[in-house]
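Please go over the structures that come below.
In what comes next, chain A is part of two complexes: it sits with chain B in the first one and with chain C in the second one.
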Partner chain A sequence: MVRLITHNLLACHAKGCTSNNFPLRFENARVELREAEFNGDFLQGFLPKIEWNALVDTAKQLGDTSLPPEQPEMTDDEFLKNLHHVLMEIHVEEGVMICPNCSRNYPISNGIPNMLLADYEIA
Partner chain B sequence: MRYLVVFAQAHNDFRLPELCSVAELHAFTIDFYGTCDPTRPYMVLDLAEEAHAQILARRCILVKSVYEYYADGSSYDQLHELTRANRGQWEKYIPDTSFRFNVTAYNHKIPQSRQRCVVESFAYMGFLGKIDMKHPDIVLACFEEYLDRHETTRAKYDGDGDFIHLYFGKLLEEGSARSLISKFDVKKRAYFGNTSMEAEVSLLMANQSLASPGKFIYDPFMGTGSMAYPTAHFGAFVFGSDIDGRQMRGKGNPPGVLRAAAQYGIDSRIVDLCTFDVTNHPLRCGGLFDAIVTDPPYGVRAGAKRIGRKQELSPARMESYMEHRQNPQPDDQPYIPPTKPYELSSLVADLVLLARYLLKCGGRLVFFLPTVTEDYSELDVHQFLCEGMEVVGNSLQDFGSWGRRLITIKKVTDIQNAAPILHDRDSSASDLDHTPAHQHFRDKYFQGFKQRSA
Partner chain C sequence: MSRPELQAPPEIYYGDTEAKKYTNNSRIQQVQADMTYRALELLNLPPDEPAFLLDIGCGSGLSGEILDQEGYIWVGVDVAPSMLEVALEREVEGDLFLQDIGQGFGFRPGSFDGAISVSVLQWLLNAETSHPTSSPPHRLTRFFTTLHSALKNPSRAVFQFYPSSDDQIQLITSIAQKAGFGGGIVVDYPNSNKAKKIFLCLFVGSGGSTQQIPKGLEGDEELDAKVRFEQRRHREQRRMKGKRKPGRDRDWILKKKELYRKRGKEDVPRDSKFTGRKRKPVF
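Let's look at the complex of A and B:
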């Protein structure tokens, strides 16, 4: 944790930051790989929600290049296996996530990101 | 096929919703036979397949056992007559099946001598197999249901025979899901807190959420994670968040929620834990989750709050505050933003709106709503519904003057609404003319639910 499935869902939500606020960029990421249970239905259910470019780029940034640059229309076992690994098995345990737009930092400690806004950052 | 379900003596109001949820999850229907009264411990129902009855026995927390139905009646004459008529169902056991015969009662204890008489009264069935108390091939059971005589004291066997109804059947399967109550016992958990939810109720919530392998389930008030463990146990992947990260972390590393999940062998299904105020969440899209299962803060043990100030700072103070925030000193990390109270009726309305946004079509929102028993009206629930969200379960856990209702709401629209903006509303100046019993619940709780004069 933070797994890339979660990272693919988190956008900067600070006041006024409404465009170019995704994906957050990892910095000083301490990555751990942990095996996770494979579930094809779960992956299929999540597929339509994925921001593909963000996922591919972030995986690359963390050293995984197994995903195709374009989201394939047909999914085969090989693809789902790689997708599973990228979404579920790459964990960022420490580091920060930085908004590409406003540079707001979201720190991660013990695998839990702090996405809490300050009172003056609330829209 | 007709079956007799014997319920555990707990949470009566949750029995029907649980049966229906488990049936919906496994895509079969239940036909309830006769007047099905969920306050009574025996229920007769029709199912298309034996496998469905087994599913109920294996998944329903409140099912004690499931019997193949042979007969019921208000007198032994009726019971025997029907048993004879249903001979086709049991005659295959006549030649050489070993059996045990149980005679038990609900709300009563039958003296042994009469238990023997009851067994003998079934002699016409003519079973030739041997009686085997330890390892019989089949178990036959006759149940006498007595009225609850509440507090009235009486001698042990008083009123013997004054049953209101009788049931007779052959054991199909003992309920096996009840053993999960002890498995998920909070006291045996590696990590818990004073907000942890008792195991039985969190298991019931997991069943209401239709948790199953491959589902994605969210708890926005994660705390120590009580809802996450049973839902993940049933195979779902769980995402949790809380405004207060310490609730999920506890002391030490890995975080407490993960330690407890590891104890149950489900840590890989805890997808992630995040710290944020659910009214200002960072999720970039909706339609994500199959269910949202949660115990919102209702202010008794853990008060509801949201980021903000009770009173705005003056411009001058705001400026110096911002100055300080932008040049943080090492010792004021991590920053804990100020919070303000979050009135329960606003929170619940927000939760339903947010769930409509975050759930997939067909997804469920399962949560507890505290309420003042005397003031509750059905309107309380309808008031916080919005278009596309339908109540499918509403079960009361009664603590006397107050109680809590487990509400199950289904998202029935496939319109993907825009993310709701959860404004502050002034609940006291509500434009609605109905005041729900859960409004200002915390104040009412600490006033002891005294009648409030206007």
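Let's look at the complex of A and C:
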């Protein structure tokens, strides 16, 4: 159940990996679409927190190109609908997330990513 | 009081049997729900604004279900796979992560509008290996610093936990302060053995107006909130025994027949002196 909303907040937290550690890259991702309730207010409030380029790139990786490459200044209903679909309804069920900096793998199984680190990786 | 955190590390203690308890035992569920509501109350989020919350130690998703009901979008982390499996079965809305909070989070700065955690912090107070990163102060420091950066400014984080001594509270609050948090301990029902609950209420930033530490609840626990054993019901039952049940007497039958006739039902027997009369005991 890794939605892109959480993926967009997630960076690698292994020891010494402090820069260029975002966004994690999906590999072998099995995507599932699940409908979620639309909440316009929440999306509006969440917009400033989003790393737009990361979100668009990741969505493209997963085969969704409904988002504009630049974050629009004004938001209309259709844009919010698309954003809602990308953020809340695309679930990655299986696969691996890979840190672009240290290449550490975070496997996802059953929709739950395993973020546990080994002793030597803890900062 | 038995202390589960002294028996085994959480990912082992909360195995399949213990995880099952959290779905089957209504008392555990009730206690967890009460504490979640109280934690949300202490979080003091602006009303009618859908917030993005972090549930630390979400376990089987009991608190997550409440967050769903209240309309929050949330992300849960837990270290016990069995509990997360239960959470999947319950089909909670939030995203779940298998993560050891003592290792720190990887969330980007300012991600969350708040964080709650029910009965988790005490698990960070035991060293499981002799590795230096496994010592409680190190784990707590890592936890609080990464959490502090993951929360937006201003916001709050509320932790309900079970400290076994004042030293532990001291350790936790001092490390949280070093990580940049303000705030302190809130104790609900301090004079009750059973209902006493300890909350750590942490603030990120003050945002101009200083945040006040909320007051703990005083006095006795609300008794009306729970179902109590009622002697009265037994007494009532005993009194009612032997008495004939009301209804089904002549008046009741006549009323029903009248009703059926009004509705146009056919073959309603006519009324006579025998209507609703008791048969003799010997038939």
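The criterion applied here is as follows: the second predicted complex is superposed on the first by the 123 of 123 C-alpha atoms of A that agree within 3 Å, B and C clash if a C-alpha of one lies under 4 Å from a C-alpha of the other, contacts with A are read in each partner's own complex, and residues count from 1 in each chain.
Operating definition for what follows: a residue touches a chain if its C-beta (ideal position, glycine included) is under 8 Å from a C-beta of that chain, and two chains touch if they have at least 3 such contacts.
Since this is a predicted model, take the numbers as computed values, not measurements.
K.L.:
In the overlaid three-chain picture, which partner chain does A:52 touch, first (chain B) or second (chain C), both, or neither?
P.N.:
neither
K.L.:
Thinking of the overlay built on chain A, is A:79 touched by chain B (first), by chain C (second), by both, or by neither?
P.N.:
A:79: touches no partner chain.
K.L.:
Based on the superposed arrangement, let me know which partner A:41 touches: chain B (first), chain C (second), both, or neither?
P.N.:
Touch status of A:41: both partners.
K.L.:
Tell me which partner A:22 touches in the superposition: chain B (first), chain C (second), both or neither.
P.N.:
Touch partners of A:22: chain B and chain C.
K.L.:
In the overlay, answer first, second, both or neither for which of chain B and chain C A:117 touches.
P.N.:
Once the two structures are laid over each other on A, A:117 reaches both partners.
K.L.:
Of all the chain A residues, which ones make contact with chain B and with chain C?
P.N.:
1-3, 5-6, 9-13, 22, 36, 39, 41-42, 45-46, 49, 51, 110-117, 119, 122-123
K.L.:
So in the complex, which bits of chain A are touching chain B?
P.N.:
1-3, 5-6, 9-13, 22, 34-37, 39-42, 45-46, 49, 51, 88, 107, 110-120, 122-123
K.L.:
For a test of understanding, state which residues of chain C touch chain A in their complex under the given definition.
P.N.:
On the chain C side, the touching residues are 49-50, 52, 71, 73, 75, 77, 79, 81, 84-85, 88, 93-100, 103-108, 110-111, 129, 131, 133-134, 142, 146, 152.
K.L.:
In the complex formed with chain A, which residues of chain B make contact?
P.N.:
Residues of chain B touching chain A: 213-216, 237, 239, 241, 243, 245, 248-249, 253-255, 258, 268-277, 280-285, 287-288, 290, 307-309, 318, 321-322, 325, 334-335, 337-338, 360, 421.
K.L.:
Quick check: in the complex, which residue numbers of chain A touch chain C?
P.N.:
Those in contact with chain C are residues 1-3, 5-6, 9-13, 21-22, 36, 39, 41-42, 45-46, 49, 51, 110-117, 119, 122-123.
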